[in-house]
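Below are two complexes that have subunit A in common, paired first with subunit B and then with subunit C.
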Partner chain A sequence: MVEKVMSMTSAAKLVKDGMMLALGGNALHRSPVAFSRELARQGRRGLAAVGAAPGLATDLLCAAGAVDTVYFGFFGFENEYGLAAGFRKGCQEGRIQAIEGS
Partner chain B sequence: MWGSDLVALRPEFYHVLESPFTGEKTVCVRALVPDYAVIHVQECDVYGNARILGPSYQDALLARAARKTIITTERLVGTYRLREEPKLTAVPHFLVEAVVLAPGGARPGICYPEYQQVDDAGMKAYLRAVKDGTLEQYLAAGEGRE
Partner chain C sequence: MHYGPAEMMVVALAREIREGDIVFHGLASPVPMTAMKLAKALGKEFTYVTLSDGVDPDFTRPAVIGSTLTANTYEGSVASFGLGEIFDLAASGRLDIAFLSFVQMDREGRINMSYVGGTYDRPKVRLPGGAGSATLTPVTRRTTIWKTKHDRTSFVKEVDFATTAADPAKMFTVVSNLCVFRLHNGLLEVDSVFPYTSLDEVKANTGWEITQDDALEYPAPTEEELRALERIDPYRIRYVEF
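Up next, the complex of A and B:
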């Protein structure tokens, strides 16, 4: 087995413009938010995101303009936090193609 | 998929075939292959053997569907811990390209049992930044991070 521990900055650099990402977790549960923050800070563009119920980490990439296509079943935060705000805004502005598959 | 309009609406994803064995009509769904799955877990060793506590949702499947997986973890644990309960390893090391120690990495969301309530102030700050179009400043300020 090979040791693979690295910094958040280095791990986020593995993801290149235009790649397809599947961010884990569900809505506001175990969503890899810190990773998305770093990816957004690095200015990634043209990503596709996929998930059954993508969460905050995917929404943050939508809000940052990093994602242009989302494959999903349900995309929202639930409870008082409502719909996924960044995703919704991106769709309304025509920046994001929403491909619903459930 | 039977009964769903999606079969007709998205021919790029769905295709109806007859089973070569029984002749029964069967819906085939085209697979998406993500370049990376990115999964936040509670425990992982330095090799990428990752354990999820509580619900795992689709995460084990995402790691297997993707070409490679990046793990962010609340804690690095010794491999001996994972060997004690091998069936609890949700993502095995050979699927993983990177391991990042990221305590609080799911905030302002929840990561059971480390933090079990949504950070309300953090969520509101995020939603406000999205609404006001100030996400860049929000990210630069590192708001919501530990």
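Up next, the complex of A and C:
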């Protein structure tokens, strides 16, 4: 069997600049935040993110400037946690292209 | 028993469900979630599918945080039924209601969840998006909308963008904190006004001109409904939206 367990640093290196990335979870739940923090730390750029309801991990990449396109149905958090700030700011500043689907 | 807009809206949404319905709501929906639990507690027979994959979660287990994902909509479920399957069910015409909300709505039932101001590519405020609404509105049998803040920035003359729109051939209902609108001949009309407000207050808070002179008073929650509501929502998660 191929050994797949590796450090977070090595795992994040599998994602290259410009790739399309789908992170799991919904909004604030089951969001792989530590992985996306490591991607941001490594300075990844030009990623396209895709998800039905992308969560905190994707928003962190938006805030870090790692993402330039997002395919999504709903990108926000629930009620008292409000809109996804990194994504919203990126769209409003023209850095992120929002491709909204249903 | 005392009640306010939160209790009135939960009760009104619960009353929209009919025996035998299959109903769905997504994330960020504490008011519909509470209404589903209430309708179950009152003994209404219907099927409730959720974004957590849970079917008919145990309504006697109260929601503990302001989320409609998580255990709040899964614990005690009788089956697991995924989001893809829910959309297939809707596309095959068997989903009765998907509860939806909005940021802006106009008199013809166009809903904006995408952006306000500027352009699509360079918005003044980028909104979260309509989730499944553009897919579900055309295929669900009835559209039931809730909005906890009835004001002129929400009920507008013209939406900045139509994320989805009402199908004039189908039943389309909007429950706000002040009143119930229903679509007649392609236009929203005030069907009834909640007991603690007036048609004048509705008119003052609606961005399009309401020309009708009177509207029915919506029946207040009953003691039985309010008692059941306290039982199924003791931590008052319904207030998260107010």
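Here, the second predicted complex is superposed on the first by the 102 of 102 C-alpha atoms of A that agree within 3 Å, B and C clash if a C-alpha of one lies under 4 Å from a C-alpha of the other, contacts with A are read in each partner's own complex, and residues count from 1 in each chain.
In this section, a residue touches a chain if its C-beta (ideal position, glycine included) is under 8 Å from a C-beta of that chain, and two chains touch if they have at least 3 such contacts.
Remember, it's a predicted structure, so these values are computed and weren't measured experimentally.
Colleague: Sharing subunit A, do subunit B and subunit C clash or fit in the superposition?
Modeller: Here subunit B and subunit C can both sit on subunit A without a clash.
Colleague: Report for A:A53: first if it touches subunit B alone, second if subunit C alone, otherwise both or neither.
Modeller: Both: A:A53 reaches subunit B and subunit C.
Colleague: In the three-chain superposition, say which chain, subunit B or subunit C, touches more residues of subunit A.
Modeller: Comparing touch counts on subunit A for subunit B and subunit C gives B.
Colleague: By the touch definition at the top of the document, which applies to A:H29: first (subunit B), second (subunit C), both, or neither?
Modeller: both
Colleague: According to the stated criteria, A:Q97 is in contact with first (subunit B), second (subunit C), both, or neither; which is it?
Modeller: Touch status of A:Q97: second partner only.
Colleague: Now for A:F72: first (subunit B), second (subunit C), both, or neither, which partner does it touch?
Modeller: second
Colleague: Rounded to the nearest angstrom, what is the minimum C-alpha distance from subunit B to subunit C in the superposition?
Modeller: In the combined three-chain model, subunit B comes within 5 Å of subunit C at the C-alpha level.
Colleague: Both subunit B and subunit C contact which residues of subunit A?
Modeller: The overlap between the subunit B and subunit C interfaces on subunit A comprises residues 26-29, 52-53, 77, 79, 100, 102.
Colleague: For the complex, give me every residue of subunit A touching subunit C.
Modeller: Spelled out, the residues of subunit A in touch with subunit C are 26-29, 52-53, 72-80, 83-84, 87-88, 91-92, 94, 97-98, 100, 102.
Colleague: For a test of understanding, state which residues of subunit A touch subunit B in their complex under the given definition.
Modeller: So the residues of subunit A touching subunit B come out as 1-8, 10-11, 14-16, 19-35, 37, 40-41, 50-53, 55-57, 59-60, 63-64, 71, 77, 79, 81, 85-86, 89, 99-102.
Colleague: Can you list the subunit C residues touching subunit A in their complex?
Modeller: It comes out as residues 26-28, 30, 51, 66-70, 83, 113-115, 118, 120-136, 163-164, 240-241.
Colleague: Provide the residue numbers of subunit B that touch subunit A in the complex, in ascending order.
Modeller: Touching subunit A: residues 6, 10, 13, 32-41, 46-48, 52, 54-55, 57-59, 62-63, 65-66, 68, 70, 72, 76, 79, 93, 96-102, 104-112, 118, 123, 126-127, 129-131, 135-136, 139-140, 142, 144-145 of subunit B.
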